[in-house]
């Protein structure tokens, strides 16, 4: 069955007609603002090389863990979607065949954010006019594939067409940042910056941790197995990132644990974790310690600190063994911020020169922990609804549950947090529409005047993002 | 005061008039679909014997823990409602007097699902035209009592009038299933099947566990105190249930804990729990082990597995001593699915031939744990909002919190989960109305086209239930 | 920029026009009811002395931890708001200057309850006609300051103008209640009563616990270091409070833990905590024990028991050292009621002569724990949305999440719980509007008839408060 593909101009606005009118006006007020992307996972190389993207499958399906996990959950083998197990040899599947499998299952994404994002990409970028389905799979594959070969669909052209003002990628301290260097040397006006993500060299349970310390030593000409030198090596890399435009760090630990150790305790702990496989307890304590250390470094060098805790990575052990990371088996866990962050807050929480942006996968902490913490500590701000909650309902829960306690000014606008470059405008558009709808309800309930709401809409879309991330 | 009793045709639909119109159309589309009841607690004997139900009190009040707990919480003695303490001798209270007590307190159920269900029963089944209250108590008692004696109100007649397609009861492996056998032999066209609920013989803390193992031995001609024979006895009973139509098992443990033990560990553990009173730790570990074992058996014999964890049974010790179980003192507890299910998922989570349906009493797990798990593992599906959450608001929270991550196709439609046979159509009607209202909002927000919503409404009401439960 | 200050008559009502009309009618039905304040933190001295309040800053800003924490979180030093560190000497800041700082930041309270409450105070009490901002700061300071000196703005006159029927303050057992005595002797018709809050003499971790036991000894002529005498001293003080009008106690423990100890265990535990600094474990156990003891005393003397658990007091250690308590660094923590209250409930839960009112800062317990507990145990009732959740969205979540399981009749109406006397009518008005909006939705969804909703509105505003608190 072939259905028309329609992006309704009122999509995601409140259903009450009066409130919808207010939302529409607020949205018109901010829809033209530039897109600011302070946190994400696109690749600097795309923009450095400016080569055409690959086929529709490689571009839109195989790197998208939202799509893979849903299809897999419904019995679709990952191999049939073009993924190749790391553990076996063999030919890759034909991209068109895999695309057809995806297309035939597209209805399972009804009412999910993936559908919202993809339909926008299909309609707005590729000008497709019918819904994706088994019947339109080939048309999609051909139309998208052809357009991707044209100049207008190269990374830089799309960046400009999307109205992006700045786009942050994420790199390890071990990355040589060659593409970021190349971009700065290229003379292109786009602003692509890196985010400093030190997990590989601060998490003793990171795969190959000791080898990574060795690489850090080599890269910095310091002995990263010696604790003071290790810290200095991290400072060196932060400084290098900052010199290339980086304004923020990011930390993705299993919990939000922080610690305050004496210098002697820290040195001894580092001695243990750097010299042999760490016990689970030592690993957790070292990560906790390093969050506090990193907050101290941020106070020194001005990098904004982001903490993304609470994901159980690679929960599906068998699938991880076969396909590796990032295929959708990361599952949220309960997170305690009030207890876990106390050591860091005891030391740095009152520093208004420091900005620590907190994220959560545990929505029960929005009203109970995060809003009260951010509504008190000068160093804390709240990141937007994250990952599984980066969705219309998720964003509404975020605004409804944090605003009354934290206010708007302890929040930092939207993150698209994506490697799906083409969907960036769609994701920001969803956030803008949901925020305008939320503000419209406040106006219709006479909790805010409409001109105040318009001002806040600009703040949430642009001003707070720039100021929180020091962009 | 006598108030009219009105079931408004638009009840439970969204308040916005435009959205309400969509909901009405969606509801018209599915209202005539058969009722499928894959999980519940009615009694096979009712349909085997087809004898008239008893008086209004016995039928509608004394077996309904929702009613008893609420009235008790407000100071109404259970004795005055016709319950008789197990610990004392004495005459039962007059049924009409108890009914009057119930009627005089009927206003305390305002805005609860009990009120929705009962008003439907009163209006639709018994054609009563005034609200229940002290003033109408006798009229109700007489009118209901008289009708119950007529042929049209016998169990089979009601089953047919309700448009039920299949109705699952729940039995222990020790049940002889005589009424299910009788029903199959009777030639009646109704489809009544059992659900295999092994708690009495897999939970070492179940009252009389050792006696139950002895009974299992006798029933199967196996030595259920010998571990391999015990497992075979369970397989035998599963096969017998399946031969009489059973398609599912059900497991009601205090937590969602699962375990993966070696054969030797399992044998030793069984040795301990089968020979003497189990320690709390051994009991929990054995239950955890048996969930994993049962998943393996389900993979072999195709029975769908339901897990209903997280209820603290008989929390009110004094009341339990006086009146026994099921009088409303079961209270939900926090449940952790991501950690607790991992052993089972490590072993069977990737099996798309296995279906494990998860339920929860801890709504904080909907978006944080259950939707991400079901949205990844092929073996997992999400059961509907359960027990305290089987209500308009509870169902809305379920849909709002799971749909964006798990989609519709990882859910399994509605369970009435009730022993209140007369309320079954009312309960399904509430679910259908709430689902149509939820879908209508998606349509009005332009997140779904109306024809897609109509298709999903059929799925949620009928198709997904039949396929998930293999009916 | 100068904006008009408008309190819209439809504020906080549902956005759907039909539902709003119902809400308006329900609100008209109850808006004239007296204000009943069964729990709060105003000072009896204000009404005993009936002296004019101080300047606008002292009256409205410096005692309000909601304001202080938000401003502090956004980098505003507490000193600039007129707070004086306890640890340093120096002159206080000029009140007008501090007021200007507050005014210049007033926009950060957009969409918070503080804004709702303050705007009401500004518009309804002081007849101000423009929003507070940097531009209107001086006008506000002058207009409010002048009016506060007039007779109509003295505490008793405002009490009468507000239509308050009874107002409960909160005092320690060590308080001599001189102002309550003076008020009873004064012949003034206002009803100001105390609430008995024994934390200082039952919590071994309370600052100066041993000195407080000594003070208790002196006050009661009993040896409060002897366990039986200690209990009798508490009974004496309860009786004294009750003789001056007290109808309730209040307990603010870090957790909801209760215990059931033998007499011997209790005696030994008291021996330890009363003779030397308590271990954390002993302190928690003694608090837990004393909650159960206090429930027993309540059963004897009829005082209603309130439990406000789950706040981590003075989470910001540095700020606490500098400024002391109550400047906004109290942060909620997860709370477990089902496990923690069991010892108390095992002993007293079935007593319908006892009333224990439960509050929470952990909204995840509303539907999972609190509603099921209150919907079963005769001794339990649910207090309203508390503290961070005393807000439009917080109240809606409370009603949406508890009503279907606990019903309306296990709730106790609204608490303003405030030391901000001038905001009391505003806070009750918010609660009334939100309740009417919630009821209106039930009416529009045909879950309740409008006359039933009107009856419930009176119950929630007045009847249930009076009966639950035995006023």
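The first chain written gets the first letter, and so on, giving A, B and C; residue counts start at 1 in each chain.
The criterion applied here is as follows: contacts are C-beta pairs under 8 Å (C-beta built on N, C-alpha and C of every residue); 3 or more make two chains touch, one makes a residue touch a chain.
Note that the structure is a prediction, hence the values are computed from the model and not measured.
Visitor: Chain C and chain B are one sequence twice: same or different residues at the contact, by the over-half rule?
Guide: Chain B vs chain C: different; shared/all numbers falls short of half.
Visitor: Tell me the rotation angle, 0 to 180 degrees, that brings the C-alpha atoms of chain A onto chain B, to the nearest 5.
Guide: Value: 120 degrees, nearest 5.
Visitor: Between chain B and chain C, what distance separates the C-alpha centroids? Give it in angstrom.
Guide: 40
Visitor: Among all residues of chain A, which ones touch two or more of the remaining chains?
Guide: In chain A, residues 16, 364 touch at least two other chains, as defined above.
Visitor: Inside the complex, what are the residues of chain B that reach chain A?
Guide: Against chain A, chain B makes touches at 14, 16, 18-19, 336, 338-339, 342, 345-346, 349-350, 352, 364, 367-369, 371-378, 380, 400-401, 403-410, 441-442, 444-449, 451-452, 456.
Visitor: If we count contacts the way the header does, which residues on chain B are in touch with chain C in the complex?
Guide: 3, 6, 8, 10-13, 15-17, 69-70, 72-75, 107-113, 115-116, 312, 315-319, 328-329, 331-334, 361-364, 388-389, 391-394
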